[in-house]
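See below for the structure under consideration.
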Amino acid sequence: MHPVKRIEIIASSMEQRKIVDCLEKCQVNGYSVIRDVTGRSDRGVVSDDFDLAGSTLSNIYIISFCGADQAKAVVAQLRPILNQYGGTCYLSDAMEIRSMNCVSTI
Amino acid sequence: MDSSLILSNLLNPPIIFFFMGMFAVFLKSDLEIPQPLPKLFSLYLLFAIGFKGGHEIHESGIDGEVALTLILAMVLAAIVPIYSFFILKLKLDVYNAAAIAAAYGSISAVTFVTASSFLNRLEIAYGGHMVAALALMESPAIVIGILLVRLFARDHRTHERIAWKEILREACLNGSVFLLIASLIAGIITSQEGWESLEPFTGEIFYGVLTFFLLDMGLVAARQFNDLRRGGSFLLGFSILMPLFNALLGIAIAALIGMSAGNALLFSVLTASASYIAVPAAMRLTVPEAKPSLYISMALALTFPFNIILGIPVYMAIINHFWA
Amino acid sequence: MDSSLILSNLLNPPIIFFFMGMFAVFLKSDLEIPQPLPKLFSLYLLFAIGFKGGHEIHESGIDGEVALTLILAMVLAAIVPIYSFFILKLKLDVYNAAAIAAAYGSISAVTFVTASSFLNRLEIAYGGHMVAALALMESPAIVIGILLVRLFARDHRTHERIAWKEILREACLNGSVFLLIASLIAGIITSQEGWESLEPFTGEIFYGVLTFFLLDMGLVAARQFNDLRRGGSFLLGFSILMPLFNALLGIAIAALIGMSAGNALLFSVLTASASYIAVPAAMRLTVPEAKPSLYISMALALTFPFNIILGIPVYMAIINHFWA
Amino acid sequence: MHPVKRIEIIASSMEQRKIVDCLEKCQVNGYSVIRDVTGRSDRGVVSDDFDLAGSTLSNIYIISFCGADQAKAVVAQLRPILNQYGGTCYLSDAMEIRSMNCVSTI
Amino acid sequence: MDSSLILSNLLNPPIIFFFMGMFAVFLKSDLEIPQPLPKLFSLYLLFAIGFKGGHEIHESGIDGEVALTLILAMVLAAIVPIYSFFILKLKLDVYNAAAIAAAYGSISAVTFVTASSFLNRLEIAYGGHMVAALALMESPAIVIGILLVRLFARDHRTHERIAWKEILREACLNGSVFLLIASLIAGIITSQEGWESLEPFTGEIFYGVLTFFLLDMGLVAARQFNDLRRGGSFLLGFSILMPLFNALLGIAIAALIGMSAGNALLFSVLTASASYIAVPAAMRLTVPEAKPSLYISMALALTFPFNIILGIPVYMAIINHFWA
Amino acid sequence: MHPVKRIEIIASSMEQRKIVDCLEKCQVNGYSVIRDVTGRSDRGVVSDDFDLAGSTLSNIYIISFCGADQAKAVVAQLRPILNQYGGTCYLSDAMEIRSMNCVSTI
């Protein structure tokens, strides 16, 4: 068990690609994405009522556990994206239960 | 005017269920059609209408009238937002005026589908190229909307470059437009046999899916009513009078270039309808200063019901009157 | 008794697939039909059955028998929970007894739909007003259930006022009841043309959707079997004998007022079936002391399979015997 | 970056309206909602098996980040609702990454 | 060779929409068909193909050819992974070689469904027992794949017992196989009447659902293209040449035991296709050392498109040539 | 209000049964499950693209709030499962807002 940071990002699903790229650029290779999140912020209500045909206007919730240094890098990279396109981000503390998975390498 | 058209439209299953959806919200019933079911219905409707349109183009070929219609459709989609903008700016700031203007320049596919099924019921023919017009009218209004903000918002973050590539992709290649165009092309290039094999799927159950989808649209539209109140009577008036004016403009142009009655109705419905899906998605990215609740509720909770309930039969009655 | 009815029912696709769903759970297959697909199927079935019922009412009109049937349906839905309650109180506390009693007074729309497709297969006619009876029988049992708790639970939080408004809305305007009534009204007021346009959707694929839905119900029912064991043999017996008794009561009343064979079957199925959706939702709010696992598993894992597998053909055989 | 409280509420989806009203009454205008959550508590298992037609018996998961004072007010308002209708609520600490969004005002 | 077969296949709606799905990804359109809609389509297709297969077995009965076909199908599903493994081991480690080998020994139900609708279009008959072959060929390859790892991976965690029970359940009772077999049995035991009642559901809209589903498969396959690049030209070649070889082997065996042309096509398609669903699920549990991105992208982004676009008409042309 | 541990587990949905059994064995009777979670780890990308017919290859996110001792027991029980089948687990701190629900007992 060792300490990690939990990064929680809630943003429009249209920004998923940009946010995930930003995580990967900071070597954060572990994250999870929950889709179809609705919500509200100062900008108004976000619902999935208009998710018709090609449009997905609801939010995603991205959670990632990573080292404190990585978290810092992510926050720095993420800030301009959130400023331009909207979305919120929170940091908190957690403990990782290390699991030893065998991972093949080619 | 032929009021029987209005009545027969009201007693049509899709319209009845649209009302039922609205009632469900007003009576606080917990009826809901959860995602992705509405998405399934709308994907299906775009697929079916595109494929049928393509098949009809394949049958009839493309001629001068078709080309002229498509060009005029795009021109209208670019002009409507301009005069809408100046009217709206009387009461609103630049951002909201531009976003609403873009919505009214663009189109609502569901209104189009409802109008085409209205024509089917009356057994009035229309050309498959009207589906192409539908696809082409979505993007120009978005581009004009963004340009209007650029030109008139003095304090706009001019140092930021507009991500035109992303915006144009969103405007021209968003899922709805792509599926519509893809289905149109598929309908054009597929064999007679291929067309027939899909007929039970695209044809027979079409009306039922539309009915179900309008039930959901009724729920969604009614949920937007609260947001409407904030708009005030100016915007209320705009949501009804602007489509009416645009429809008359569409009918006039249709008469000028000698469209058939069916094509004229669809053309007027395209100009009259306002987008509540593609445009909001694009505006969110480019004009975040505009309030989505404003333009979505106007387009969806007023203009859309007005068009499918009263607009379509009224426009038809007018066309019947002049075309006769 | 006519055992061929039972056999032919067993070899019917919906029933076969209901068994297949149960097998999937017993064999620990990972087959599942994830939400909102079951929701789609059930919305569709309510829509189709309501719309067809409405159309038939439109064709046949309303007469004395219809009115009498609807009144008796509601009366039965109020009486069944009362005697059920006193039987159940022999072994259970007031809360659970009242909740289960309410479930058995109310109805299961899927059982009704299965019975109506059983009649279609045998080409036995039934009246559209039976769908109205279905809609009307959902709420009275809920109200009686709550009153029973009020009267018999001495230590009940009597200082808390019952939120009748919320409960009645949940009972009378929950999504299922609303959609059913909305579709019924739509079927009554729509034009012949409107009816025909929906026929391929509400008619032709109906049987297929029912089959798929019963596959899911088989999965869901089998997952409840574990909870059943806790109920003990008293509740097991109740889940089979009570519907049987209620069905016979329904048949007797149907005979008394001279219903047709088809209507009699549907009437008996309504009284025999138990609710596992609307009632649990209402009881959760009002009688949180009752264990949902108990009444849901009884209604869903025993009474429901019993009715659709054996009950329907047996009730039909009895009716055939007396009506002949 | 400044400290906030994370409020997590898990309750029946039938209670969404009440809970959201309660948040808004406490001036908590930022929250997110995840639907179709299943689970278990002392009251038994909650699944989405019975989410048919008009009924949605599964749970929702509401997450909201807000100031400590607001969190206190929310908890006070929420308690009677959770007591009557069920549902659980947890508080924890997090850091907000402030994003500066332009919000139009009419 | 009959190149018109290839062209007519290309202009077939399902294939056109498969290409459209791929284009959508390449053009970065945001079109998507969210879960559980693809799941709905695939459940439907398995249900329909199984039920139709069962009905045909019911009509034609089981004879020596049927039994021989089923046995040979299972034998092939066990042999293909063995020689595939030794070819793959030339360039890959044991784990990845075994996982890919298992994928190519197993089958792809969507390829089979596409081939059967290809036959329907050409009005070439095929036996319902081919659906049984489809169901039987999924599991043997998985078992062989695991055994290959056991035998050749020296450093494998031999102290861990293989959870055969779980693996076999996953292999033989996974939802797809279960639904297929359940529908097959239902089709065999249901009455003529039961069959007819489902016909509009399983028959008429089948082609439309397949078209929609292939649109999604196009999206999914194209998203895997990036992963392909890592595979290198050896694996690229394998993904095309191995199915071709397997198809020829299938055709040869079909000729030997004197299958009809329709059955021969389906048999060759079964041997040629590779699994990208059931096998990955099983391999994840048992050979976690293998990279899913590798075997999924080969089977889905290369072998699958190759088979449905070129393979099926080419195999048919070869069969037509030799059977004539 | 009293302190609890938040256990967050993200794993393949195929492992749901095993994980839930493990929780229940440790007397943790309160948990919630979010389905259709996608993500990425060192093992690669997990999407819901292949969730066809009988297969659900996407992840689940399980969250459970429980006492510190129970959390310790869960972690011990869970570790071998995560090691064999994959999945990650994180612990953090939270405060529970006790709600007093009436629960009938038969």
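Each chain gets a letter, A, B, C, D, E and F, in the order it is written, and its residues are counted from 1.
Basically, a residue touches a chain if its C-beta (ideal position, glycine included) is under 8 Å from a C-beta of that chain, and two chains touch if they have at least 3 such contacts.
Just so we're clear, the structure is a prediction, and the values are computed from it rather than from any experiment.
Taken together, subunit A and subunit E share the touching chains B, F. Homomeric contact subunit B/subunit E is classed as different-residue, with under half of its interface positions used by both copies. The chain pair with the larger count of C-beta pairs in contact, out of B-D and A-B, is A-B. The distance from the centre of subunit C to the centre of subunit F, with each centre set as the mean of the Cα atoms, comes to 36 Å. In terms of their C-alpha centroids, the spacing between subunit D and subunit E amounts to 45 Å.
Inter-chain spacing, taken between the CA centroids of subunit C and subunit E, is 41 Å. Within subunit C, the positions touching two or more other chains are listed as 29-32, 34-36, 39-40, 43, 174-175, 178-179, 200, 204-205, 288, 291. Residue numbers of subunit F whose C-beta contacts span two or more other chains: 14, 34-36, 43, 54-55, 86, 92-93, 101, 103.
Listed by chain label, the pairs that touch are A-B, A-D, A-E, A-F, B-C, B-D, B-E, C-D, C-E, C-F, D-F, E-F. The touching residues of subunit E, when paired with subunit C in their complex, are 35-36, 39-40, 43-44, 47, 51, 169-170, 173-175, 178-179, 182, 185-186, 189-191, 193-194, 197-198, 200-202, 204-205. Within the complex formed with subunit A, the subunit B residues making contact are 35-36, 38-39, 42-43, 46, 109, 160, 174-179, 220, 223, 276-278, 280-281, 284-285, 288, 291-293, 296. Against subunit A, in their complex, subunit D makes its touches with residues 1, 4, 6, 20, 29-35, 63, 65, 92-97, 99-101, 103. Taken together, the subunit F residues at the contact with subunit E in this complex read 12, 14, 36, 43-45, 47-55, 57-58, 84-86.
For subunit C in complex with subunit F, the residues that touch the partner chain are 29-32, 34, 92-93, 95-96, 230, 288-291, 294.
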